[in-house]
Amino acid sequence: VAPPNRSADPSGSLVRQTAETARLTAFSDGVLAVAITLLVLDLKVPRVGAGRLAHTLLEQWPSYAAYVTSFLVIGIMWINHHSIFRVVARVDRQLMFLNLLLLMVIVTIPFSTSLVAEYLLHSGINGKIAMAVYSAVTFVVGLIFGALWGYALAHPYLLEPTVDVDAARRTWPRFAAGTAIYAALIVVSLLNVLVALALHLAVAVYYAFERLTVSPQAPEAAS
Amino acid sequence: VAPPNRSADPSGSLVRQTAETARLTAFSDGVLAVAITLLVLDLKVPRVGAGRLAHTLLEQWPSYAAYVTSFLVIGIMWINHHSIFRVVARVDRQLMFLNLLLLMVIVTIPFSTSLVAEYLLHSGINGKIAMAVYSAVTFVVGLIFGALWGYALAHPYLLEPTVDVDAARRTWPRFAAGTAIYAALIVVSLLNVLVALALHLAVAVYYAFERLTVSPQAPEAAS
Amino acid sequence: VAPPNRSADPSGSLVRQTAETARLTAFSDGVLAVAITLLVLDLKVPRVGAGRLAHTLLEQWPSYAAYVTSFLVIGIMWINHHSIFRVVARVDRQLMFLNLLLLMVIVTIPFSTSLVAEYLLHSGINGKIAMAVYSAVTFVVGLIFGALWGYALAHPYLLEPTVDVDAARRTWPRFAAGTAIYAALIVVSLLNVLVALALHLAVAVYYAFERLTVSPQAPEAAS
Amino acid sequence: VAPPNRSADPSGSLVRQTAETARLTAFSDGVLAVAITLLVLDLKVPRVGAGRLAHTLLEQWPSYAAYVTSFLVIGIMWINHHSIFRVVARVDRQLMFLNLLLLMVIVTIPFSTSLVAEYLLHSGINGKIAMAVYSAVTFVVGLIFGALWGYALAHPYLLEPTVDVDAARRTWPRFAAGTAIYAALIVVSLLNVLVALALHLAVAVYYAFERLTVSPQAPEAAS
């Protein structure tokens, strides 16, 4: 089934087969697994006097809230990455570069998480800036996911031959809508920090159960 | 053998095949491998004056005790995870979310380990709080493992077709019993910190040799 | 097709098959995935007074510039590693040792990145030394890549039988040319630190789209 | 070919097939890849005044020497692990526990490396203690490797059916000899720290080219 698709490759830069896609996803999985686990480094052991440990641990709740939110946020990004590459059979240099950009931004999430944990309870503009940086990172991730998925849809010879390309293309607006949510969360971050963090958590849980792409077996199921 | 099982999927949310289970376990393995290795960051190089190194290194024994215990605790969680996903052939969104929650709690173990290493020898309530937090984390891991295994057992179309579902379901009470041990260790932590740590080590070694689930080849062997 | 090649093994040290190459690349992928993700540890959360966070975060731009550059640099090294091992079917002890040396130098990149982020804006010789160390590390990586690829080309029984060895050998001078660029960047580092960093970024982006080795399917495509 | 071997399983605890060995080695590879990469955290960026960076970086040579040595030491342990599990087809609980102990000790090497880097140039007993701890860790790794390989040899139903068990058993004394070298290095550490570190490096390079186990294709080649 592949030959007619391959002949449609206009740039001649198609360099990989399905086995190559497997190594790309394995590398991406490794990066995402390390990034999600590095979140634990934001949980700090407090040094306190006698009898103060329980109280101080409870006072650190912004760290735990940021940890839980970011763990689910990166987890959902992994599921999303996974969903896209289930229907991508081949990878060209452009797709590989977009994937590298995607990982580059996701890997900064332990940093923006730490920023939120440090400044969440600060009054004034510092907390809002920290939360807006956090939201902006997720927004950029959304943009790159949209570009990557859009690039694959625009070059159907990269997709599994069993994919219904028209049905798959109808999923793209929902991708863009997800990115718009993250844009809105930048604004919310500047208005109310705690509401913005809670919304990030809610969006992550929502996307854990809501599928954005097509399945290779039944493309129309997601339309 | 799969079709009759698949038609039993009431929610229609069944999205993956065995190959998908493989990527879920590969990601989980990556997260667990990073988490278990980050435990070494709790071993600190002391800065001491001339001739004091050997003494100071020996004084740091709570760090080593916490390291050894947590390495085996996470190692046994990996074996346990492994045992469950050997008989799970398909993954739906609910199972994927439970798995993400499971990893989220396990990944905090380097933090609770560091807490125990820091406060193990503190007299008064701080050491007990640290140890109780450690026990509570393992208890929550046990709860989520029980929920995940229970969910899979309640939805047998997710299991390998060769699994004897009735035999597999008879293993669930033993899972719950394991979780009860961790609940008891929270209480022990508040009574005697060193006994609680020793019991955690003993439980980990015990479970290293004791199987909790069924094998796909011979389901009745574990009943 | 393999037997005639195997009989050409002069040293008798040929110990692995394609499955072994797979485990070597999986281990290398793991190391590279951890190294690229550890770059995030160079992004530090500043501790600032009220209203100063946005300003301080912007002042940290050398950290972000170093992060982006090194993420792409290591990413391109991964792609490069990947390209070589797609045409390497067998691994002997010499190749395994060269691969270990390669990883040993690549893994230091988070250190040289941190050095550049710290000293980029320092006037005087410190910034130039930091940038020269960074360039020297990439130069040594280039040297080892050249040695590894040259070793494989000199021992064609290690290559996939479908590879056109003569065409593959014609790619080696381009490898050497890439290494010469990194040598030149050591000199540029001592002249102008910011230009050197920008050139590193440009070279990484260039190599993201430019292939250096042959493909096993169409060896002549890269000549 | 497997059935006669399997019937020789005296304990009835044989729980895994070759696919299970694959997941064990994948997890072990992940742990070793993280541990070897964490060595970079021992390379510290110095904070120095104008014009002092080159000098201070050169003064840090013990960190680089410890880094290079430990990278090769862990790399050779990975190759060694690899060599053993190429001929192990099945894993029982005892072997899985020995493997977990092995990883537990190897993962501490970034700590003992940091200890050596910190105290290498200290006169008096501190440097010797640091180096002796380093040697003791490698010695314990050797002991556990010997136990693991010995356990597999004593239970040949765990091995690949193509392995010549008698030839494989003749490799065990060479394993034990390797461990004796590490025992001797503990003594050398207490006599001369720099000689001990240089010998660790030399032993690692030697073992990179010297094979300790048998190959599944040609078991007699290693006898």
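Order of writing sets the chain letters: A, B, C and D. Residues in each chain are counted from 1.
Methods note: a residue touches a chain if its C-beta (ideal position, glycine included) is under 8 Å from a C-beta of that chain, and two chains touch if they have at least 3 such contacts.
This is a predicted model, so every value here is computed, not measured.
Of all residue numbers used where chain A meets chain C, under half belong to both copies. The two sides are thus made of different residues. In terms of the distance between Cα centroids, chain A is separated most widely from D. In whole angstrom, the spacing between the mean C-alpha positions of chain B and chain C is 37.
Averaged C-alpha coordinates put the centre of chain C at 26 Å from the centre of chain D.
With touch defined as above, residues shared between interfaces to two or more other chains in chain D number as follows: 26, 30, 33-34, 38, 41. On the side of chain D, the complex with chain B involves touching residues 15, 17, 20, 23, 26-27, 30-31, 33-35, 38, 41, 93-94, 96-97, 100, 103-104, 107-108, 110-111, 114-115, 118-119, 122-126, 129-130, 133. By the touch criterion given at the top, residues 25-26, 29-30, 32-34, 36-41, 43, 45, 47-48, 50-54, 57, 67-68, 71-72, 75, 78-79, 82, 86, 208-209, 211, 215, 217 of chain D touch chain C in their complex.
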